[in-house]
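Going in written order, the chains are labelled A, B and C, and every chain counts its residues from 1.
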Amino acid sequence: MEMCADPSTLEGFNWWICYLTTGKQQMFYASFGTVLALLALTAPVVLVLGFAGAMARRSRFLPLNWLGAIYTNAVRGIPDIIFFLFVPIAMDQGIEYLRHKIKCPDVTEPIRQGNDFVVCAAAKMPLGTSPQWVHEVYGFTLALVAFAIVFGAFAANTLYGAMKAVPRAQLETAEAYGMTPRQVFWRIEVPQMWVYALPGLSNLWMILIKATPLLFLLGVEDIVYWAKELGGAKTSRFDYPHPDWRVYYFGVLLIFYLLMTWGSEKVFTRISRRLSHGQATLGGAADAQVTA
Amino acid sequence: MSMTCIETIQSYGLRSLGIGERLLPKTDITLCDQFVLIGSGLIWNIYFAVFALAVGFWIATLVALGKASPNPLLSAPAKAFIFVFRGSPLFIQFFLAYEIFVLIPKVGIDINLGFTTITAETRWLTKAWLGATIVLILNTSAYTGEIFYGALRSVPKGDMEAADAFGMSGFRKFRRIIWPSMLRLAWPSYTNEAIFMFHATALVFFSGFPAWRQSGDALYYASYFADKTFNPFVSYPIIAAYFVLCTLAIITLFGWANRRLNRHIPVAEKAKFRFKPQFIR
Amino acid sequence: MKKLVIAAAFAAFAAGAASAETVRMGTEGAYPPYNFINDNGEVDGFERELGDRLCEIAELDCTWVTNDWDSIIPNLVSGNYDTIIAGMSITDERDQVIDFTQEYFPPDPSVYVALAGAGDDVMNGVVAAQTATIQASYVASSGATVVEYATFDDTIAAVRSGEADAVLADRAALADVVAESGGELVFVGDDIAIGGGVGIGVRESDTELKARLNAAIDQMKADGSLSALIAKWFDGKVVNY
């Protein structure tokens, strides 16, 4: 804006208008999008991983069964923050190690040289020549995977329980109709289980929302990063000097999260009412009485 | 320069409390160093969890009763309290609490210079041992309060009628009948809450509260080593193993309490503990 | 960028047109006037201007990334960026892990800052320092109680709130804060020489990059442009390079 050309002359309302529209401030606003994007992208991955984990735990093939059990129990026995610190670094080094072995088989020097982790240029992830946005997307993807691994284990547990909660009678009826076990699983058990999984999944979604500030620890420039950066005291070397305002910025974050969880709860109440329509559960029966 | 592992335990076993060797190992970091210091930091995690759970348990009972109260003057604040602390990330709560605790003396409580003790106390709020414990207490009170509230609503009618038949009323009825039933019903969920409260203690020195004299919790030392050795594949698995062991200990301890709470109940109806993330933060 | 030689070979295969290699410059973005994020959200400060100029001379194509201070060395080592240009003093401890170019800023003394009227005793009391800085280890091995904070801002806030008695940091960074505090904060005691000069950190395996940056710094020292740049950002500080 034109009036913001010389911030030192601004006062009162105009100062605020200009301050709240600086490039840096806009990056803060945009970072809310980063958080929402993480949520939107993680949720489906979590569901897929959770489904796979639940299938593994149901599997009669023992190693797969054990794998499912170890995965879900290990993740739940360890604080999520440790996974968030460990998984991205381990994944990054793992990927580069594999790429190095495939792309540069002739390089004889060891990868770990003292403290350096040295792979050939072609094996770097992303390539050193890639533009900045590729690096940011890559970092964001690693964060997403870390989130998915942790929350996938919780989802696996919820879905596993939900599958077991589908009434036996329904499955037996399906078998009596001559369905194969495969058909029973996909046509009866899976569609029916969602109603039982919903409370657990909605709870999981709430947890996921509340875990997003940890993105900051993974080096993603999220709302916590910008709140700290913008809120810190600014000397007159900056265009808009101000004292330490971090408490206000974090107040904004608090309100954002309260709104997110409050809104989500409303939505889930609605979905649950929809889903339990005509179901052989207490909620469904009550619903039927009201509509009948 | 290199120490035996016994010497390491002597120098660093209580380092997280400020006892022993002043300087942390910087070069030639051994596996033993990592095990000992991370284990030493675990003292803090256990301290935070024990205090938060012990105090939070009682506040949670009050919060649950408040929320269940027909009087809106009691239920509205209880609901608001639960909403704020369950609806926002603990990470943000730590940040904000620390910023507010830091501001407190500036706002002017220490103007009354006559009360020197009070001035000193507000200073303590900015330290993890008090400030972070308060945040954890409030946080677990909200989560546990919601669990207890749910349990309170499902106390069997028969129990209440039996109490009435015995002529019990008021506090006696609560103390002898409602409260034990509530605890019994809430215990499986409360066990989960205890586990996740313990896990949440790892956030203390990561969000807001600074480490004094390089005395921190297990994660503080684990990330110290990861930064010094540039190798995440040693210190993080070590701290993970410690946490898994502690989680198993909590499950055992709470399982024992669960058996006591349920000892009068017929086997078929006993509430079983299921490891579920029902009330994680 | 792990190995410039190999990188160059592959670049020849790949594009051919790309004459300059991409070098990712890692900085903290929270240590004015060395480096900070300006109101447009870009990396700014003495090191931004210096780094861009060095890249121009060395014919490197540079991009800027920020990283938290306490993990800035590990992330260089694991290749998230190729240089550290973040007011980092050259020390033996760091030199064992990474390599440094020659200094581009002379050893800057460290100094204590405390609330006005606090007296000289503060040095032996509770002293705030940024985690993993030379000042933090200095305080840890002096008799005082060190409190570590993640950012420079946090250390200042701790002194203001009375949580710490004093802060120990580079004089250049503190000068800004003291000058603008309106007498609230003052320097305490004499300057302390802790680290060496400030240099650009590179991986030990990146010898070629180090050589090219060294040559560029040589050139800027010789033509006086480095001294001019320092004078511009550090209130007329005179350096004889």
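One rule holds for everything that comes next: a residue touches a chain if its C-beta (ideal position, glycine included) is under 8 Å from a C-beta of that chain, and two chains touch if they have at least 3 such contacts.
All values reported here derive from a predicted model rather than from experimental measurement.
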item	value
Per-chain CA centroid nearest to the all-protein CA mean	A
Pair with more cross-chain C-beta pairs in contact, given A-C and B-C	A-C
Farthest chain relative to chain C (centres taken as mean CA coordinates)	B
Chain centre separation (chain A, chain B; CA means) in Å	25
Gap in Å, rounded to a whole number, between the CA centres of chain C and chain A	34
Where chain B and chain C are represented by their mean Cα positions, the distance between them in whole Å	39
Per-residue overlap in chain A, given as positions that touch at least 2 other chains	89, 115, 117
Chain B: positions in contact with at least two other chains	103, 226, 230
Junction residues of chain C, two or more chains touched	71, 77-78, 97, 157
Chain B-facing residues of chain C, complex	70-71, 73-74, 77-78, 93, 96-97, 126, 132, 137, 140-141, 145-149, 154, 157-158, 161-163
Residues on chain C engaged by chain A in the complex (per definition of touch)	1-3, 6-7, 10-11, 14, 18, 21-24, 29-30, 32-33, 36-42, 63, 65, 67-68, 71, 75, 77-80, 82, 97-98, 151, 153, 156-157, 160, 176-177, 180, 203-205
Chain B residues within the chain A interface of the complex	83-84, 86-93, 95-96, 99-100, 103, 199-200, 202-203, 206, 219, 222-223, 226, 229-230, 232-233, 236, 239-240, 243-244, 247-248, 274-281
Chain A residues touching chain B - in the complex, by the definition given at the top	73-74, 76-82, 85-86, 89-90, 115, 117, 154, 157-158, 161, 200, 203-204, 207, 209-214, 217, 224, 246-247, 250-251, 253-254, 257-258, 261-262
Contact footprint of chain C on chain A as seen in their complex	7, 22-24, 26-27, 89, 92-93, 96, 104, 107, 113-122, 124, 128-132, 135, 219, 228-229, 232-233, 235-241, 244
